[in-house]
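Next come two complexes built around chain A: one with chain B, the other with chain C.
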Partner chain A sequence: MNENLQHRIRARLLKVLHFVTLFIAMAIICVPGLWVVLNSFRPTVEIMAKPPVWIPNELNLDNYRAMFGAAGEGGVPVLQYFTNSLIISVTSTAIAILIGMAGGYAFARYRFKGKSGIFIGLMLTRAVPGVSLSLPLFIVMAKTGLIDTHLGLILVYVALNVPFTIWLIDGFFRQVPIDLAEAAEIDGCTRWQAFWRVEFPVARAGVASAGIFAFLTSWNEYALASQLTRSTFSKTMPVGLRDFTSEFTINWGGMTALAVLMIIPALILTFLVQKHLIAGLTFGGVKG
Partner chain B sequence: MAQVHLRNVVKKYGAVQVVHGIDLEIQDNEFVVLVGPSGCGKSTTLRMIAGLEAISEGEVSIGDRVVNDLPPRHRNISMVFQNYALYPHMTVRENLGFSLKIAKRPQAEIDKAVDEAAQILSLADYMDRKPGALSGGQRQRVAMGRAIVRHPEVFLFDEPLSNLDAKLRTQMRTEIKKLHQKVKSTIVYVTHDQVEAMTLADRIVIMRDGHIEQVGTPLDVFETPANTFVATFIGSPPMNLLPGTVSGDRLALTDGPVVPLPPQFAGNVAEGQEIILGLRADNLMPVGHTMPMEGAYAEFDMTVNLSEPLGTETLLFGSLAGREVQAKMLSPRPVKDGERLRFQLDLTRCHLFDAKTQQSLR
Partner chain C sequence: MSRFRPPAWFVLLLPAIIILAAVVLVPLILSFYSSFTPYKLTRPETLYKWIGTFNYEKAMKSAHFWAAFGRTVLLLTIALNLEMLMGLGLALLVNKVTYGQRALRTIMMFPMMFSPVLVGFQFKFIFNDNVGLVNNALQSLGLTDRAIPWLVDGQLAFIAILTAEMWSATSVFAILILAGLFAVPRDPIEAAKVDGCTPWQSFRHITLPYVMPFIYIALAIRSLDVARAYDIVQIMTNGGPARRTELLWTLIGRTGYVDAKMGYANAMGYISIFLAIIFTVYFFRKLNAARSELGMAG
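And then the complex of A and B:
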């Protein structure tokens, strides 16, 4: 056979294989999410059916209607949970980003005693499984009266997120050439102005991605929140999901409906910030 | 305007000292080039003038003010960086006007100064682009524009052309020189390229290992190098250095020919003194292919190992006394490798250095 033809066939086969593999991988990633969305729109009978019903016979908003309805009819305080989640996630993200920026900048720009030790220490805290902290945290929070408060969870999430935001933001500031800040200082800036007018805008992509990460961690966290919150006053949405389980039954429809409500803000945020993530990476002020 | 004075300036990083007490007076409107191999402390010296590095000892003054502890923004200087350091998130216009905006000047004044700088550097067509969308030469011009809008007392250039390709470098070199004619100002310029130093400078400062080796006009340092380092660093190809001994009114080159002692050094050497004879390729040429030699000259034979035709002249690589020696051939004819030629050596343009101190014996 012609040698060129052989190579062409092989290239085409490889391409097909490539697509098939990609499809399988995407299916594995996407199906559970799609299943959640789908289940939120259909009756329990269909959700529980065996073998599973892939193509729904009937789609309706009953689960959503019930969730927002009265307490006796399967309703849960969705708005209160949403507000709690929002307050806790936004506040803890803002604080984690501020600390992360200060810390990341310090690690990227300054030399000081014990720098690598502190850095490794920070990273090691990430190695501790979150759940193992739940009992000690519970005791501390109980003693300080921070159980079942927004502040308690905010503190925990800040502590959880700071090492990662520092690490991420440090990496981005390292990519900003020191020359830029020096040029700004020669152009008349104070150290502080040079940071805010030059270095920060150039590294904002990194700050944004650290922000998304911190927000999603706080928004989705379940294990610690389930220990440290008691009442409607402080329960976050992931904890609220448990309202759909009772002694003998699980209201899958209601649970998936609340899950969809949880996913939406996270998706919106990611889309909003995504533009920054890409736009911020247009370096070019320096040769390279 | 401003002169720059460095008095016994020292830079230490912990126990390591990289600049060893430099004294330098730069006059108003003077174009001074600091040149030397990498690691010689020239950039550090520049950054101490800029205020980007703390001064460990000594004193730096700009104009009448001692600026040792002033931050860069109070020194009234501008700097062009090796990698340009343009602000990537701002357009060319914003980059140029940034310093005036920080100084809270009225917008009309900023626009006027920016347009003027854009005019001088022909940047008008790119004003709304970001640095990422510019070529290397354009970025370089924006960096210079950013420096001139402020009308600083002193311009500092830190190897500004080293990231450009050879052709653009020559072009920008000319533009910098023109810029200096237009915008009368004191310029301190750092480079490792001796050609840049020669072509741009009013005065060259040659540095090595944190010391100044020689200060002088380009012709001074070329014609009368203070030591063997300057002799080999300035000029291309580098000066040939041949060891030898003084014997009466002659020089016996080690393992090589004996030549007359260059007359201009006659009173400065002692019998039996170990010396180094320095001669440039321009003063060592095959008989029949030389410049007219007015004063004393010597002749000897040398085998040519390699030749590099350059058009108007040919560079010849021979070996003399076991050392590679470069010579030039004017109005060249083809030379075969291994051909033995008779060379003429222009004694009046030779240099003599003491073998121990490496200093010139002039």
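And then the complex of A and C:
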């Protein structure tokens, strides 16, 4: 009886401990992010208050109004940055997906000499740190006139995303049984038709998740963009964040407002594909 | 009629190879060449002067370089290990939850959406010595009565950067390891329980081997873009104050763009590239080993 009770108390205690630890961990994950969102709706006085104001007294859209306002009144060409980011990210993602599909299909379906060598070689291009790459890229782009243009950044992001896209898509095509395509070919499809009508629909979710991943990488990239863009006509939003900093002070209110604008598209996309994303990463890696 | 027709796999891979050659390989060859010249952005003619391995020797002899090198390796090692352990812990915690697990998984992905620059600004604010959350919390809890200079003191700044880096990357590990935990078969664990294994023993000998490949995938993915920490560091301290948080990447960036010594910066860049490649190849090999242990190689 006594032993039984002891056992129950221990189980209860473990449960409470588990709950408390989980709660603390989740709080640590959420608070810094939510703090940014909260600050974007508060006047600067309250953001910089000491001791901090945890529960806001006043919420308003002043920071957003100022950000979209005219230059000189704290306004930043946000819409231009947003459009730049969108054009660059969407175009580079689309191209990276096409190239990645071709490459991933080649790795998944063909046997050839030096396959793993080429694969590792492609992956290693991704391991080159952005700063080390940005110096020579800066020189090349300055010479070819691609600096400070959308096209320049698009090319860079395609190259940045292709290795990872190939890795993911390769994993997804491997999951599609090869018999499917062969059956379609016996039924009179060409290899091209078999791909689009049979194999692609099955692996579509995986391709989509690779696309989101590529999009997020381009959307959030900073190290290269900060060096390869100069003017408002090509600056992306991560670079735009710096507009709120001056020599010694930072306009936190304005910056958090732009940050929220940056997070929203990322948030929506990530939630849309979270299930496929996990499946893609793990299958691509484990069964590859 | 004996026209050469390239094999299909080659045609399919060609676009990828072309774009990577144009954007990564050519610039790298150029930078490899320029690392043997005293190239300065302000003086283009210096690109044609060959000085041999002078830049490399200069880097090898530079105390600043080695300090930055050591700090980078230290940061990578500590960050990757801690992220891995905390990710594993978080995944185990979430895996035990039966109700509302989907919501928890969604929350867990929250930091992944934050651009590293943003993470940098965010933690710069949080660790601000005057109005930052950390100091305010410590002071109102009565743990300290003075403002701790988080981003000014070298060691404290290292901790602050480490915290920011871990906040942004731990969830990647947690998500991937969680996916691994789902794949662990139930039967062996039940059997181990019947045979009288302690929870620790069944974790150590059954769960962990199954999860290991997933841990290495996470490490491999992370090592591919670990230099993203550059964004965080550049915003939070930019290597300062007085080089006390200088990492290889900030040192390269400053030498190249601010001092305009491209040749020297490229020489150091090459050393950082080799560092990255060593980390990546190491984890890919570990991944293959873990895979074949589970009979998943192919």
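One rule holds in what follows: the second predicted complex is superposed on the first by the 257 of 288 C-alpha atoms of A that agree within 3 Å, B and C clash if a C-alpha of one lies under 4 Å from a C-alpha of the other, contacts with A are read in each partner's own complex, and residues count from 1 in each chain.
Following the convention adopted for this analysis, a contact is a pair of C-beta atoms (placed from the backbone, for glycine too) under 8 Å apart; a residue touches a chain by one contact, two chains touch by 3 or more.
Because the structure is a prediction, the values reported are computed rather than measured.
A count of residues in chain A touched by chain B and by chain C gives the higher number to C.
Look at A:Leu241: by the touch rule set out above, it reaches chain C but stays clear of chain B.
Of the two partner chains placed around the shared chain by superposition, chain B is the only one that A:Pro201 touches, whereas chain C remains out of contact. Using the contact criterion defined above for the overlaid structures, shared-chain residue A:Cys189 touches chain B, although it does not reach chain C.
Using the contact criterion defined above for the overlaid structures, shared-chain residue A:Thr232 touches neither chain B nor chain C, since it reaches no partner. Of the two partner chains placed by superposition, only chain C is touched by A:Leu124; chain B is not. In the superposed model, A:Trp35 makes contact with chain C only, not with chain B. Shared contact residues of chain A, touching chain B in one structure and chain C in the other: 282, 285-288.
Contacts from chain A toward chain B in the complex involve residues 177, 179-180, 182-190, 193, 197-198, 201-202, 282-288.
Taken together, the chain B residues at the contact with chain A in this complex read 50-52, 71-73, 77-79, 81-89, 98-99, 102-103, 130-134, 136, 139, 146, 150, 163. On chain A, the positions that touch chain C within their shared complex are 18, 21-22, 25-26, 28-30, 32-33, 35-36, 47-52, 98-100, 102-103, 105-106, 110, 112, 118, 120, 122-137, 139-140, 155-156, 158-160, 162-164, 166, 216, 219-223, 227, 238, 241, 250, 252, 255, 259, 262-263, 266-267, 270-271, 274, 278-279, 281-282, 285-288. Within the complex, the chain C residues that touch chain A are 7-10, 12-13, 15-17, 19-20, 22-28, 30-31, 34, 89-90, 93-94, 96-97, 104-118, 121-126, 130-131, 133, 136, 139-140, 167, 171, 175-176, 178-180, 183, 213-214, 217, 220-221, 223-225, 227-228, 230-231, 234, 249, 252-253, 256-257, 262, 265-266, 269-270, 272-273, 276-277, 279-281, 284, 287, 291, 296, 298.
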